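Look at the two complexes coming up: subunit A is in both, with subunit B in one and subunit C in the other.
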Partner chain A sequence: MKKVAVVGYGNTKFSTDDIPIESLLLESTKEVFNTTNNLSQDLIDGVIVSTNDNSKYLGAILSELSGIKPKISHTVEHLCSSGTAATVSAFSYIASGLADIILVAGADKSDNPGQVLDWDRSRGEFTRPIYWASMFTKAHKRKFNTTEEELAVVSAKNHKQALDNPHAYSHKAYTIPEIMNSKNITDDLRMLDCSYSCSGSSSILLASEDIAKKFTDSPVWISGIGQKTSSASFTKNDLTNLDTTKSAADIAYNMAKATANEIDVAEIHDAFSICELMAVEDLGLAKKTTGAEFVRNLFNTENRQINPRGGLIGAGHPLGATGISQIVEITQQLQNKAEKRQVSNANKGLVHNMSAAATSSTVLILES
Partner chain B sequence: MKKVAVVGYGNTKFSTDDIPIESLLLESTKEVFNTTNNLSQDLIDGVIVSTNDNSKYLGAILSELSGIKPKISHTVEHLCSSGTAATVSAFSYIASGLADIILVAGADKSDNPGQVLDWDRSRGEFTRPIYWASMFTKAHKRKFNTTEEELAVVSAKNHKQALDNPHAYSHKAYTIPEIMNSKNITDDLRMLDCSYSCSGSSSILLASEDIAKKFTDSPVWISGIGQKTSSASFTKNDLTNLDTTKSAADIAYNMAKATANEIDVAEIHDAFSICELMAVEDLGLAKKTTGAEFVRNLFNTENRQINPRGGLIGAGHPLGATGISQIVEITQQLQNKAEKRQVSNANKGLVHNMSAAATSSTVLILES
Partner chain C sequence: MNKFEEELKKGNFITSECHKCDKIVWPPSEYCDNCFGNVNWRKISENGEIIEWSKKGSDVFCIAEFEKTIRIMGKLNTKNTDAKIGQHIQLSECSFNQGYRFIFM
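For the complex of A and B:
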């Protein structure tokens, strides 16, 4: 298997502006061209688009708009984890030898259709993510006595960290009381416990080991990949852990020959505050039942190890872009280019992305 | 690069019935399980869905319905060539070593949204495929004096060949005069020059060389892959050839170390009758300017070398399934299991699929 590196990237601002999906994709792609050494259109073998948008043929449309004539091109969709799914697909084209250089561009609009899983209507009211997140939260409170204040710490930390992310949707720090007094959406979740569906785009350029150094002095290698889909429905027996996240993490750590305590910085899928508390445990970054304490300690010590760009809660959640924007952040961290967000001595990073109440999860390990 | 084989397959009937997309995908997937030796759900590493349907998360939905808990899962869309794009993606997962066994399931409904490329409205009236096909036809008539009768031969041959395809949409042979007198849709194309958008599904199972023989005594190897996307718009200078088909064929033949005259049987993307005349030339199966004569000779001698299952014109065109159903046909031919459709001594086969006036093409070479 050929080694594959992230060698370039670009982000748009995440916002609620109504921007055409093609324009979003093009803007982050242009940023890749503007910031990557020696990159020209003719070098690119593949253009993979990640989105939940209903527009068709976006791989070809983005190729035409950006002057690329690729061999490989298509759209990848897998709800919230589309971006990491597209990245793993691009990885495999390169690792197999079918391609050397692939652009992965993710985007969604704030009104994207991936926010509701129509197929699940027969199962009750779980079409909107907030319903499963509320059940997770209630179960967590019952089993572990998790408090509203502990949930609020996640949101406070991520909104605060987002202040140093120029592309983030949120511009505002919130106090813990402000979060705890924000509008109740369900019994167990408040407005500021939730991420926001945004318009936004993030793109990365992947290259094989043979050519990676042409584009950057500091390629970031994708050394571990773990993925798992258990179902498409909210049919879990135990609501207090993310089974597929644990499976995906095991596979990824094994492939990277790494352990959780080697991870210096991680992007975690905090679609709702409860998700970060659960994920830090299921990824092995904190011991079981200590997730809330772990996150509180990060907040109190201003340690940006988890979600340095503000997570989905602070940065916003343009579904098809999210996984890719997480990879951009970890790449910048491992290149020591994350500016005010920089975590010290970041050599090994992790990306955690998931869909539909963690019925699918992806974990990537990145190394400098 | 690990070798990858087609080791199982399933088709539904192609029809205009209104069947839910999930049910279509499940039906062809069940057929794969029913007809493949030693296959169980736990062996499958990936479930890739190919479709233009707007439903989200279909990879996970199909996995749940069929009892698979895959590592890799997502949807691939690239208009009419979604099926071959998904197959190449699955190939690369296996060839890279990330997976050993992947199910690729394609489906669309007869009213699928991939029939119109909304983005192209700014370019005029080319949103409906018949417009570009008409321009191809008119240009071909002007340059090569191609006749309506020569176009009708393509349709007559493919409708006739579809009679022996139990899954085909068309059940009827047409005489050349019947085709030439069918309803005019545009100046240059008649009803019976067109393929029909259908409801239907086709699935294949791909496996690595390490495990392929577990599932079949006669794996069919994907030995050549060529893909090319030139643009997303109808902006060709020369309307009498399929540039991307030629590029994709060159790449595929080169990878397979094969030449066009070794191809015993081919599935060609005859969305409209003109496409088959152009493609047989651009794939090198007939010399330039002799496509019509080549196809007429096949028809007159009842030689099923091109589009033995009836092509898109005879079998129907459920967009996301089409590329996969082409692969199923070539697999059956190379396994000598194509029954009444069997081409004699079929050892090497070709699949040609394309999107949007051949602004994208894929060519696969398969070998027994």
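For the complex of A and C:
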């Protein structure tokens, strides 16, 4: 199996503007070409698009708009974790020798149809994500005495960290009382504890070990991949554990021959504040029941180890782009190119991306 | 419209089950998720209990479990302003128009 590296990347600004999906995809792809050394269209073997948009044939459309005639081209959809799912597909093509260089482009529009899973009948009329998030939060409060204030710390930290991310949707810092007093969406969810569905795009260029150095002096290797899907229906879930995240993390750490305490920096899927508190524990970054304390300590010490780009809460959540945007951030961190967001001595990073109330999770380990 | 939706439209809350495997097949499906054999359809007991709940405005919504297996989200029709975990409830209304709708009491 060939080693695979991230060797280039591009982002658009995340916004709530109504921009055509093709324009979003092209915008971040253009960035990849503008910022990657020695890249030309004829070198690209594959173009994989990650999106929840209903448009068809976007792999071919993006290829044509970019002047690429790839061997492999298709779309990957897996709700909020489409981006990492597409990346795992691209990785596999390269690792197997079917391709050497693949562009993975993710995008969604703020009104994308990936926010509601119609098929999940068990949700009744409560189809929107705020309802499963309320159930998760309520159950966590009950079981672990988690407070509104502990939840608000997650949001305060991620909004603050997003200030230094030029592509983030939010560029406003909020105090903990402001977050706690933000509008009640439900009794267990405040407006500022939610991520926002955005329009945006992120792309990465993956290459095999044979050619990676052509494009960059500091390729970032994907050394671990773990994925797990337990169901599509949310109501089958345990409400206080992200079981698929735990499984995916085990698989990824095992493949990378790494442990959680070696992770210097992580992008985790904070669709809602509660998700970050659960994920830091289920990824092994904090001990069980200490997630809130762990996150508070990061906030108080201005340590950007978790969600340096601002997470989904601060950066915004263009579903199909999110997983790829997380990979871009960790790549920049491991290349020591994250500017104001830089975590010192970052050698190993982690990406955690999940779908539909954690019915499905991806964990990636990246190394410089 | 599938069998589940046809019945829900009439106000009947049904599930698929597999006699061969002696199990409820939920979410509803035409085939058993274990042996892929044909399922039978039957009414679900209307007595359930609350697994978790929250409130939006004055509406209490919850996950309720029926027959120790089938979990759905619905609105609790109650004069109280809160609910309890493990509280016994009954499915009082279900429907399918634009979407699915379950009401408990």
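The rule is short, and it goes like this: the second predicted complex is superposed on the first by the 361 of 368 C-alpha atoms of A that agree within 3 Å, B and C clash if a C-alpha of one lies under 4 Å from a C-alpha of the other, contacts with A are read in each partner's own complex, and residues count from 1 in each chain.
Heads up, the rule we're going with is that a contact is a pair of C-beta atoms (placed from the backbone, for glycine too) under 8 Å apart; a residue touches a chain by one contact, two chains touch by 3 or more.
The structure presented is a predicted model; accordingly, all values stated were derived computationally and were not measured.
When both complexes are overlaid on chain A, the residue A:S233 reaches subunit B and subunit C alike. When the two structures are aligned on the shared chain, A:T301 is found in touch with neither subunit B nor subunit C. By the document's definition of touching, of the two partners only subunit C reaches A:D187; subunit B does not.
In the superposition on chain A, A:N261 makes contact with neither subunit B nor subunit C.
If you count the residues of subunit A touched by subunit B and by subunit C, you find the higher number for B.
Residue contacts after overlaying the shared chain place A:N345 against neither subunit B nor subunit C.
Judged by the touch definition given at the top, the superposed model places A:M135 against subunit C, while subunit B stays out of reach. In the superposition on chain A, contact is made by A:K69 with subunit B only, not with subunit C.
Counting contacts as defined above, subunit A residues 118, 233 meet subunit B in one complex and subunit C in the other. Chain contact summary for the complex, subunit C toward subunit A: residues 4, 27-28, 51-56, 61, 63, 71-75, 85, 99-102. Remark: subunit A residues 118, 120-127, 131, 134-135, 137-139, 142, 185-189, 233, 235-236, 239 touch subunit C in the complex. Partner subunit A is touched in their complex by these residues of subunit B: 1-2, 22, 47, 52, 54-57, 59-61, 63-64, 69-79, 82, 85-86, 88-89, 91-93, 95-98, 113-114, 117-119, 225-233, 248, 251, 355-356, 359-360.
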